[in-house]
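The same chain A turns up in both complexes below, where it pairs with chain B and then with chain C.
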Partner chain A sequence: MTIVPGKTEARRRLQPDRSGVLRQIWQHRADYAYVLPAIAVMLIVIAYPIYYTVELSFFKTPPGLQLRDKTFIGFDNYTTILTSDVFWKVTWNTVVWTLGSTFFSFVLGFGAALALHRDFIGRGVLRAILIIPWVISAVAASYIWKWIYHSDFGIIGAVLVGLGLADRPPNFIDNVSTVLPSLIVVNIWREFPFAMIMMMAGLQTVPEQLLSAAKVDGASAWQRFWHVTFPHLGNVSTVTILLLAVANFNSFIIPWIMTGGGPSNASHIWITHIYELAFGRQRWGVASAYSVLLFLMLMVLGYFYVRALAGNDRKEGSA
Partner chain B sequence: MSMIVATAPRDQTRRRMHVDGWRWAGRIFLVFMLLYTALPMIWMLITSIKSGFAAMQFPPQWWPDEPTLASYKKLLDPQNSVGRDFLRFFWNSLLVATATTILSVIVAVPAAYAFSRFTFPGRNLLFFAVLLRNMFPAVIFLVPLFILMRAIGLVNTHGSLVLTYLTFGLPLAIWLLKGFYDNIPVQLEQAARIDGATRFQAFILIVMPLSTPGIIATAIYSFIGAWNEYIYAYTFLSKNDQLTLPVGIQRFFSENTTDFPGLMAASFMMSVPVVVLFLVLQRYFVRALTEGAVKH
Partner chain C sequence: MTRITLGGAVLRGTVSTALMVSLMSASALGAPPVDLSKWSPEYVRSIAGTQDFDTAADCAKVTPLDYKGRLTFWYQGIFEGDPDLLRQYYKDFFETFRKTYPNIQLEDQALTYNDLLDKFRTALLGNAAPMAIRLQILGGTEFASKGYLQPLKPEDVGYSTEDFWPGAMKAVTWDGVTYGIPTNNETMAFIWNADIFKRAGLDPEKAPATWDDVVKYSKQIHDKLGIAGYGLVARKNAGNTPYRFMPQLWAYGGGVFDEAAANPTYSDVELDSPQSKAALQASYDMYVRDKSVPVSALTNQQADNQPLFVAGQLGMMISHPSDYDVMRDLQKKATGSDKDKAQTVIDNMRYGLIPTGPDGKRAVVFGGSNIHILKPEYVEGGKVDEAAAKAIACMWASPEWSLKMAYAGSNPGNLNGFKTKWMKDRLDKIKFLDVTTSMLPYGIPFPALPQSPEIMNIIVPDMLQNALTGAMTVDQAADDAAKKVKDLMGGL
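So, the complex of A and B:
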């Protein structure tokens, strides 16, 4: 866990004080009692697994979860992964999945937040309906959409045939070229409400006086949006996009339930692929090496994530 | 949209004359979003009141010729093996989600309070470590956690789920609650301290009541998270009578691949508790989620 910004910041804060870190820690010993339960749980369930995964990634492991007769093989697992075709295919799928889901969820959510900003009759009801997909279980959502996409009795296929746009119901999720976009539509369905909630709250912080002033100065609706509203939402947009990106990168349930990664790996993303390697084919060593690579990639994302959240935190401190 | 709204002329006649393109675009967009959101859920409900035969028709019956509640009756009937399983899964989910919720609040409240109020060495480091946890996917933790759970004898118990859910729920819970504590003026506590209360008394008597909305929100959030969780439950539990709803429904479907009305009815009933909880306590839920990210 290289938490560079946090670490350096804590150090900077401590440096001017020459009385010594230990003494400070001792003086604040009571404060730690409040955090201790949370940290203890975290350490058991997080630090240990991370250590174990890194260790396992250097071993060749027999199938079965006893893991007794593992042999050290250095970086072999890593070379196996990086030279396989599946790796690059799955990586590309993950990029498409993450970027596509994040972009459309944010745009649709932001649009809905803007459209819901003005008060009108039924606004509360409409907002509640739009948020429901985010609350219901992803398993339920996957089955609902699986039924909607069904190749024989699916409603979308029936509508397309009814309108004369297709001769027979198209097969959305058993088709290599349409499966990933179809799953992304389901994911956006579940994710956009989150962006909507965040952006609605962000919109409330835009000062009305500025907007009125801009209006008096003759700014058009678009100019007021682009020069007043939008700059004010920079921070909340960053946080929202990052949270969405992390959540999408880590998603598992929708592809797993709807297709299990198929057909021919067309809808496998990193997480589902790791799961299949570990629990489907019992290749624990390779799966662990995959997980370590995933860590490293998440670290890059995490750097921006922590920076955005920290920036937010600092701003609030000075406000 | 928003600026049009904020500065729209109050005068009714002018407003009517000046119906501009942006507002119409907003309305059309909202109708589109409503259809996108609601149609799948409506189709789930319509399918759930069809007979198995009626669901398997092309073109589909837009509204069932003979609506029936048979699927619901079957799922809720304890005499029937399907119903017995479903009710058991439901009960298991309820048990795990409730235990997780209570423990989350107990652990998160003091931690969030400390992060909000105290400055102790390593505070930022710990806080970001807590947040970073949120970034890592469940799959990474599965194998080591499974081995850990086996070592401490929790495999195939609900305890393994509660412990795991606690950790993945905690970061967000702490973050949400910290936002609430940040917005409670320190002066209130200071006044209580001057009047002779200890820090702990001030916390219990002043801060806790003021942060009730935050605690409610955190509780709902934990509950919904635990209720909907799938991966850990799928991996840690193998005995049929211990499964939680998401895994149970998956198992049900893999055995009855064509019973779509039953599947839709089960999906609907699985969604009812969380949706109702959310609708009733919506205010807190939405507020808490944004409190951490958006500072006023």
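So, the complex of A and C:
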């Protein structure tokens, strides 16, 4: 008697005998097929540029020649960068810019979130108003702030002189000492609503019962915040701070439009300096080496971000 | 007060003559359409309106009017500091081109002076450049030297090399080959507010004779009236900065190289010479010592000086004749008492020659723009429609349109433009045009080197900013800039 295999048996025979990871991939082959186009696009627009940037960082690209006439120089571009005074100045600016912007944006955003978490008349309107800086185009905001800060006829200067608080308008962005703090203020103004929204979302997750129980037990407002609210916001705070740090590290528009990195390089941060090296001075090799270093820095921040997200997932899973 | 001695006068005359000869010396083989040796406001008036040109008929000889094709074209267009009048001429040009060549599908894109070079460089790296481009005079050599541009000379679009300023032709020549056609050429003038001069105790009808006088006048205006004297501009990556600082540098006898000489060799860097340092010192004295110029000079460009000037808050500046029209445009937008204040400024606007240096040397940047055609391999799609590209080059560089597109602020690149009826019309309508055309013989082109954009847009402004912010002393800033230029020329 001949046994004719059924459909299921036939499909089983067709399946290769794979185990472990391969078996799982095979089982999810349809999922992979769905994301394949996205992966292909990412390979083209992300992976290849990264590869090309890394490659270019090992080449000398004299400004008077085409890019195809580049010459291999090994790690010389990295040596040039690390031994340059400008690099250390720009790095210091980047650290001050990133930490200053991130810290104050977070603190202000957190404060605003706590204030708006309470129920009061006009809360919705206030929330909408506070979000405005974040939704305004960064380019438009930069031009507006440039006029607000203008060293000769800026609004702040006019008000201070008008009120008799200053003899002449303060010099915000044409002075090497004040330019970076002035730009950081603009950046904080633009970014704190993001922190506010994130923290407001986080505050929704704090169990109301715990807060009520703490209140019944006689805990003060500060104690309730410190012992109940704040511990619940650990992960969302970490994610918010990391996202702000990554965005600030990469922030180009405000410093470039308002000062172009000047005066005298006092407001150049890595990203604006890289742009000037590449597009203004055509040192593609050196700019690529800078970009590789920036990429590594961002990868480190990205690692912590992913870890924070994974921590969140684990907590939610265990809950 | 500077006293002019006989020796000084002779020296000044010699230097001016040398400059005029260098700029105007036409090819021995061809005769220019106008007599450059007679150049003066009276001569320009005498030739205006003496010849008619039929642009469509002339360009039809280059590209037939029924030619069917496609052209991608980028150009350095108008920006916020330009008058409305110029906007209208740009609009008219593209409308006329489309009517004249109805079968050429034109995809044009305007970019501002400060954005064009960066965008064009980026496009070239991706072989996505336009087929033709109109670039600022500073940019052409960089792209010609790298092999991106096709050889293109006036004869290719129906004109003669002698139809254009010799200085402009130098700027489109690299290694003996011509890579572009000048569309317009310009020299700026010195502008002052006579009312401010009067109130500050200065002769209201007399421009400062020397740059030392500018420093003195600026201080006097600031000390007496509490407003900015001179509109210094020291922003980085902005064309306005070299256009205002280089005349000062050259007048003091300095330079980046020897570009102010009759036959420049560009072999020695002179940014650290005592003369160059004296020019930088003058800016330092105005900004730091006397505080007599806008504090915002480090982030300003000319478009920022214009509102200051029309508000009566600035005594002197360097710019085009078009600034008169810009002031009128700004006045129209003003309200209340500001409108009257602006009118007072306009009534008191005066134009004069740019001041000389201590030795009587007068100089100004010989600016302008040129049209270039790209090699196919760098163009999106790998093809260049040469006939279409030549059609637009012919039309823009024609006597008619090279004049009209420079109506308010510049001068026609094609010398025949000075002979058209539109030039006559322009002389009647554009106030102070005489002054800027009188500055043309003093024009010095930027060094025709591929490194010039970086030198003029980054190194020179950096030098100014380093000195003016106190990040470096004047000597250190000049030495630092000279080293950067040497490194750059050495291929670093």
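Criterion: the second predicted complex is superposed on the first by the 291 of 319 C-alpha atoms of A that agree within 3 Å, B and C clash if a C-alpha of one lies under 4 Å from a C-alpha of the other, contacts with A are read in each partner's own complex, and residues count from 1 in each chain.
By definition in this document, a contact is a pair of C-beta atoms (placed from the backbone, for glycine too) under 8 Å apart; a residue touches a chain by one contact, two chains touch by 3 or more.
Computed from a prediction, not measured in an experiment: that's the story for all the values here.
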item: Partners on chain A (chain B, chain C) - clash or fit; value: clash
item: First (chain B), second (chain C), both or neither touched by A:63; value: second
item: Touching partner for A:53 - first (chain B), second (chain C), both, neither; value: first
item: Partner chain(s) touched by A:169 [first = chain B, second = chain C, both, neither]; value: both
item: Contacts of A:259 with chain B and chain C, given as first, second, both or neither; value: second
item: Touching partner for A:279 - first (chain B), second (chain C), both, neither; value: both
item: Partner chain(s) touched by A:152 [first = chain B, second = chain C, both, neither]; value: both
item: Partner with the higher number of touched chain A residues, chain C or chain B; value: B
item: Those residues of chain A which chain B touches in one complex and chain C touches in the other; value: 65, 67, 150, 152-153, 169, 279
item: Chain A to chain C touching residues, read off their complex; value: 62-67, 146, 150-153, 168-169, 171, 173-176, 258-266, 276, 279-282
item: Chain A - residues contacting chain B, complex; value: 1, 3, 5-7, 9-10, 13-14, 21, 24-25, 28, 31-35, 37-39, 41-42, 44-46, 48-50, 52-53, 56, 65, 67, 108, 111-112, 114-118, 126, 128-133, 135-140, 143-145, 147-148, 150, 152-153, 155, 158, 161-162, 169, 189, 192, 194, 197-198, 200-206, 208, 211-212, 214-215, 221-222, 224-225, 228-229, 236, 239-240, 246, 249-250, 252-253, 257, 271, 274-275, 278-279, 284, 287-288, 291, 294-295, 298, 301-302, 305-306, 309-310, 312, 315-316, 319
item: Partner chain A, residues of chain C touching it in the complex; value: 118, 121-122, 125, 142, 145-148, 228, 234-237, 294-299, 307-308, 311, 313, 450-451, 454, 457-458, 461-462, 465-466, 468-472, 488, 491
item: Of all residues in chain B, those that touch chain A in their complex; value: 1-8, 20, 22, 26-27, 29-30, 33-34, 36-38, 40-41, 43-44, 47, 55-60, 106-108, 110-111, 113-115, 118-148, 150, 163-164, 166-167, 170, 174, 182, 224, 227-228, 230-231, 235, 245-246, 249-250, 253, 260, 263-264, 267-268, 270-271, 274-275, 278-279, 282, 286, 289-290, 293-296
